[in-house]
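Worksheet: the structure to be examined is printed underneath.
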Amino acid sequence: MKQNLFPVVILAVANLYAADDVLNHVSAHEARFGEISRQIWENAELGFHETKSSALLQQELRANGFDVRANLAGMPTAFTATFGSGKPVIALMGEFDALPGLSQKDVPTQSPVVAGAPGHGCGHNLLGSASALAAVAIKEEMQARGLKGTLRYYGTPAEEGGGGKIYMLHAGLFKDVDAVLAWHPGDSNRVSGSLLANNGGRFKFYGVAAHAAAAPDHGRSALDGAMIMLNAIEFLREHVPQETRIHYIITNGGQAPNIVPAFAEVNLVARNPDAQVLNGIWERIMDCAKAGALASGTRMEFEQGTNYSNVLLNDTLGDVLGRAIKKAGGYQFTPEEKKFAEELQKTLGAPVKSPGPDKVFPDKTEAVSSASSDSGDVSWVVPTAQITAATFVPGVGAHTWQAAACAGSSIGRKGMVVAARTLALGAIELFDNPDELKSARDSFETRLAGRKWTTRIPADGKPPLDYATK
Amino acid sequence: MKQNLFPVVILAVANLYAADDVLNHVSAHEARFGEISRQIWENAELGFHETKSSALLQQELRANGFDVRANLAGMPTAFTATFGSGKPVIALMGEFDALPGLSQKDVPTQSPVVAGAPGHGCGHNLLGSASALAAVAIKEEMQARGLKGTLRYYGTPAEEGGGGKIYMLHAGLFKDVDAVLAWHPGDSNRVSGSLLANNGGRFKFYGVAAHAAAAPDHGRSALDGAMIMLNAIEFLREHVPQETRIHYIITNGGQAPNIVPAFAEVNLVARNPDAQVLNGIWERIMDCAKAGALASGTRMEFEQGTNYSNVLLNDTLGDVLGRAIKKAGGYQFTPEEKKFAEELQKTLGAPVKSPGPDKVFPDKTEAVSSASSDSGDVSWVVPTAQITAATFVPGVGAHTWQAAACAGSSIGRKGMVVAARTLALGAIELFDNPDELKSARDSFETRLAGRKWTTRIPADGKPPLDYATK
Amino acid sequence: MKQNLFPVVILAVANLYAADDVLNHVSAHEARFGEISRQIWENAELGFHETKSSALLQQELRANGFDVRANLAGMPTAFTATFGSGKPVIALMGEFDALPGLSQKDVPTQSPVVAGAPGHGCGHNLLGSASALAAVAIKEEMQARGLKGTLRYYGTPAEEGGGGKIYMLHAGLFKDVDAVLAWHPGDSNRVSGSLLANNGGRFKFYGVAAHAAAAPDHGRSALDGAMIMLNAIEFLREHVPQETRIHYIITNGGQAPNIVPAFAEVNLVARNPDAQVLNGIWERIMDCAKAGALASGTRMEFEQGTNYSNVLLNDTLGDVLGRAIKKAGGYQFTPEEKKFAEELQKTLGAPVKSPGPDKVFPDKTEAVSSASSDSGDVSWVVPTAQITAATFVPGVGAHTWQAAACAGSSIGRKGMVVAARTLALGAIELFDNPDELKSARDSFETRLAGRKWTTRIPADGKPPLDYATK
Amino acid sequence: MKQNLFPVVILAVANLYAADDVLNHVSAHEARFGEISRQIWENAELGFHETKSSALLQQELRANGFDVRANLAGMPTAFTATFGSGKPVIALMGEFDALPGLSQKDVPTQSPVVAGAPGHGCGHNLLGSASALAAVAIKEEMQARGLKGTLRYYGTPAEEGGGGKIYMLHAGLFKDVDAVLAWHPGDSNRVSGSLLANNGGRFKFYGVAAHAAAAPDHGRSALDGAMIMLNAIEFLREHVPQETRIHYIITNGGQAPNIVPAFAEVNLVARNPDAQVLNGIWERIMDCAKAGALASGTRMEFEQGTNYSNVLLNDTLGDVLGRAIKKAGGYQFTPEEKKFAEELQKTLGAPVKSPGPDKVFPDKTEAVSSASSDSGDVSWVVPTAQITAATFVPGVGAHTWQAAACAGSSIGRKGMVVAARTLALGAIELFDNPDELKSARDSFETRLAGRKWTTRIPADGKPPLDYATK
């Protein structure tokens, strides 16, 4: 093998030089898309209600020459924006939904804009904007160099529970894609590992009300059904793989203490690094729920909630993004940003162990983050790789007011540029070397090992457009 | 004793004739107080918020020559209305609070005036009005016959959980009373037995939140605390006297399934025919709650709720009211009322076994109803007896929309008159024969058997004026 | 009806005089049968192993002219002893099985003859002997007075769990009987009320063993199955009639803590005053067991244990025995017996409220004792009444060493004579007045109210001859 | 550093040559000690009852010139055998206790010698014999080469629960030791990682018996206490680190279903890779037990059982044994052994993934086996390293009849020689290079990180000499 080393290096260097040009295009647009990210942050719309956010991104991509198709798969805020034609088809994804109750100003102390209102505690204002920024830069580089193929941006709504990507998958919208390059906000710059598969929903128990003092024997307690189920769930924990998570709340535990509860409701989520293992566990969870109903003489109905697959890692694309993020590089805090970061870190209540935003970790990893996402489902259908960019101050976790504060600040916008640079470099590498897509497909098949993507979200189901507000 | 029988009978007959006159006074005012009961029914104010209802009764009693003192024992709607002076002191009690969510028109189908608004599902609009009607009639008879002593009406707010009478007891307002004659709406005319003692409140568990997928071992689940407590409560059931009742709901079962619950809350009520037995059981319930906190590594706080004593029956006064209700007599339905009753009974879903309103059951009973009331507490401090009058269509239970419908109808007002007649006859018998009060006191001491009234509602506590609305 | 009163009284008096003669026959044999009771007490054989006890009674009855048929319904120790022929058929029943672990000398301090060996803690040594004594006396009186009909003694094994009478019922051995007069040892002389119906058995859970540290997720815990079932049972308690009893032990809770239990076993008994209500509850108990298996991924098998019906009271026969026990009378303690009684009572740990053996309570009662017996099953097939006789020192309960001590003492033998006298008087009254049997049949049909005897013990089942020793 | 490489290598090679000689001594004695291992296998004595086994090893070591001291630290079967004097002190350890119920012939089908009798299912017959074989070989090599220092063999009884080494540690018997080289039978040849710390014992609940039908409210159920505790334990699982194990059985779940259980007992073991983390978890387990008692009104007593520390790995000694096992080498199966192995593997019910006995894995590992041992406690007091040798057919786990079969076969004896060779080579390397002991001490201190060995087995406690038989 030794004799081939040198020419390969030459080739790689040549590519790198060409690829580097795309970074200039990123730079040219980064202020504009930073502004867009801020507008989305200020609007902070919940899943399936991202009307303004989606429109803003569509308009910008259309203005940059993309062919935009909106209102897809039954979701008004879902869209695609396509440039070019023919093979290969390289895709980016943009999310833009906010989280309930996380309204927050861009200051390092907890301070909502409107108390109780939604906020971008997961940085999706940056997510959709950075991918769009990358798309515009790639398009310009494709045009500049006459690169063949199709670039497509997926505007994917309601990642926080609504599962927009799953309905887009069901609608066949990802059918022709060769590779998806994705990213997510975080507190460091790195190639991402996998995410936990999850499944969840509401277990509704229906019993018979009765006066709890006068005639408790005439009643059948729905709360008993829920509690027997949940007690059984606790016994289940010992007998599932230790990486499994099962967590729940009781969303309705009865109306008044002197009435035998005729209704009770449990909201339960289970997770496992492997969607198929999770399926087996889920059947046992359903058995616990059925047992609760059986033993209490009540009736149980299950209402499907979020069901996201774990991420099927792609070794080839992981390496592509690893090279890209290494070249994209991190960034430095300004003194003001440093002060902001330090003040914010004081509110975390725990020492910060995370590296700074100037560090970059380009190696692939098999590590499984405890989060879940519908990008996991995409990864079972299309070869996909993903990075994390440092949009949050080190130590800040997602779904916090601190993350919402960062997502509206210059720190968030700097991390967003790391992401856009990485995605742009990665995409150009793939357009330059279509053979890598064969390798990515091989890696995909290897990891798939004959399995197929499945989901409990029915293919003919209507997206739950009111899930975030009901 | 035989030689005394004849004169005694003569005396009784004489009294009875005299006593009968009070019924004329009742008749003279029954339309007016029926109207008042209807106004209170239309206002339907929750416990401690009975401003209009209380004012209406105060005004009427004041207009009839009673000395009214309002805003007592920290409760704006509590009042007394007194006529006469010196011994003996005979008391009547009037409640006037409504129940949440039971708004209902006076029609035999479920039809709220305002959906979700309060309604008089326990007939307290009749309760306060009938006692006031009786008070006015007794006063007129006392004046007519120059009877010595004091007649006092207690306007007692918030029976439905607020425990107004307990605060009035704590304030010493019942200190000089020799006998209390009371009544409650129901579906038949009878001397009442006992009621269950109850005690209840909110068990608040405080844990440590954590991401339920990423770091469940850092969390201490408040919901675990609640569930371990409640599981233990279920085990307790086998080992308490079988007449005991323990019932609960979970009022807060966590915020989101992916967060280890930092807070959870249980609302639990326990009952037993004997307040002292209940005290022992309650200590064991508290032990279960402490065990829940201990085993889950959480903290538990208890917030005292309603605590009502069982009724200490009074044999002498029970006989007095037995004689009185026998003479007061029942009533007949008009054809319209019969039709109303039949239509209403169709909505009950069970065959009606209750006797009609024309029947009267004058015998004392040791039977224990499954309800609880703060009139139980009064019965431990003052000799007290109580009747039920047929204000509801046979088969209709309290705390239902059907009861609310009846309480606003002519049926309710007819039952109210039965009650007023009985109370009036009973009170006059006592004013006529003060020696019976000695016997009532003896009966009281016998049943008390050296025990003392106790309550968990602290003597220096502020009444929970917002309990019905928070 | 008034004009018939006098002759009826005359007749009754005449009968009573005649009936009294049977007491002389009882007296003539009471020493002999007292001795037999002592021999059975000394042998103390467990259910279905009462070889010597059964043989002793058979031999005595055969020697007195009864036609003995043994080894019935698959049970070597079951027998009948018949005298006379034709209608009516009046039956007595004799039990003779002992209890495990209650070996005890006839002294007032706990002192086993052989530690751990069986003992007559339920006084069945007296039960079988007194009924045999009565049978011999009745036979002699029938002969003396030429009374028509059949007298039959049923030797019924294994009342303490084996249910000998049920197999005899299944075999049709009670088919021609008009009335059963029965008795049971106790601490007072009275007509008995009802007994609780019971049902029980073993719930066996089968799981999958695994190393509890290395691979708990490979295991399916049978103990989890049992515990989920039992937790559900605890929740059931609130929602069954309060007179219900459900009690259990865990007879196998796993082999070693480091092995996920592949087997676990629960022994559970439920009771209710009404066998049909119990049936409904039992279905819910089975649902709890099925839920335990379902939720734990294990398999459950149920092994039927004891199933006894409640007693169907018979008003006519209850009156017959009431009259009889009143005439039979109680007895006085000798000074030695009084001393024995007082010493024994000191070991009870609670003040004694029971009346002395000189008292007799002849009134029928609807009270339900907390015990269960297969004589309950007989009462659903044949009109049956039962008394309790004071064979135990006042305050001594069944199934205790104290009861075993009494059952071997002169106190036990005196109580046995009360029983024999009562049964003899009652049977002679029935032979004298066959019309009362019509009335007994009417009372039977009234209480039966169209229902039929049912049992979970299969008609074609083999008696569990080893139940007491396995 | 480069310039030192060559001399170091020279030194190592010189040492290796010298060290190799010790293998000749091993060979010279291996048949004899193989025979001893077989005798111990045939005797198969339970913990603290290993009289013959201990005597056999003592006798053999004494015969080979060791100074034997027996009956140590209160344990008749504990002993030390010492050769030489002064520093350094290098120690080997020998176990020789069997397991209950694992009696098995040396055949590949389940076939006990005496059903239910003890058997060497953990191969301790080989453990003690191989260490003794190594000791004799090392001694001869020390004599041959005049090596300075002390060699000591520790005969450590009752590893299977009795914790003999802990009592020897408490008695100060390891005080002067510089390094312990240890081994354990297994199904491959490798340097061992860590073991789980464990802790366990019996939770005894004391309640109040009562008739479960007649007076359940007078009873306080000990079984309720146990079940409330265990339910709480199930809730605990979610909130401990996922590597934790908690497993239990119910060893006494009540006497009879109609008696409220006055006694119940749980045997529970918990494990974690870190003894200090386990301590924190154990406190929470105790809280669950206390909560069970509190909530059920019962009393709980804890009886300490086995408590073993996790292994504190030693990097230096791990490398020493790594080099040694690499040189010691594995072995080949004969055709007969191959057939035996294949037949035995058929009984395992799972495909075998383990490597053959010809493979050797010399690299240190941080992996944590799911087993626990009192050698873990030694490792917190003295620098210790450990290997596993292939005494069992690949795929055979400890504590099985298959392991017992192997331990009596030529396969077991071949694995035992691998162990003896490795220990001998390792010990000689340490005697040759005392400086490595400094490095071992440094490694020890680094891993200890200022912590100290602790155990719940009290220093002044008597060894539970009857633990295996009570």
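Per-chain numbering from 1; labels A, B, C and D assigned in written order.
One rule holds for everything that comes next: a contact is a pair of C-beta atoms (placed from the backbone, for glycine too) under 8 Å apart; a residue touches a chain by one contact, two chains touch by 3 or more.
Quick caveat, the model's predicted, so the values are computed rather than measured.
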Smallest count of steps, each to a touching chain, taking subunit B to subunit D: 1
Per Cα centroids, the chain farthest from subunit D: B
Of A-D and A-C, whichever chain pair has more C-beta contact pairs: A-C
Centre-of-Cα separation between subunit D and subunit A, whole angstrom: 48
Averaged-CA centre spacing for the pair subunit B and subunit A, given as whole angstrom: 57
Chain centre separation (subunit A, subunit C; CA means) in Å: 71
Multi-partner residues of subunit C (each touching 2 or more other chains): 216, 227, 231, 235, 238, 242, 247, 260
Sites on subunit B touched by subunit A in the complex: 196, 198, 200, 211-216, 223, 227, 230-231, 245, 247-258, 260-261, 267-269, 271, 370-372, 397
Sites on subunit A touched by subunit D in the complex: 231, 234-235, 237-238, 242-243, 246-247
Residues of subunit C defined as touching subunit A within the complex: 216-217, 219-221, 224, 227-229, 231-232, 235-236, 238-242, 260, 284, 287-288, 290-292, 294-297
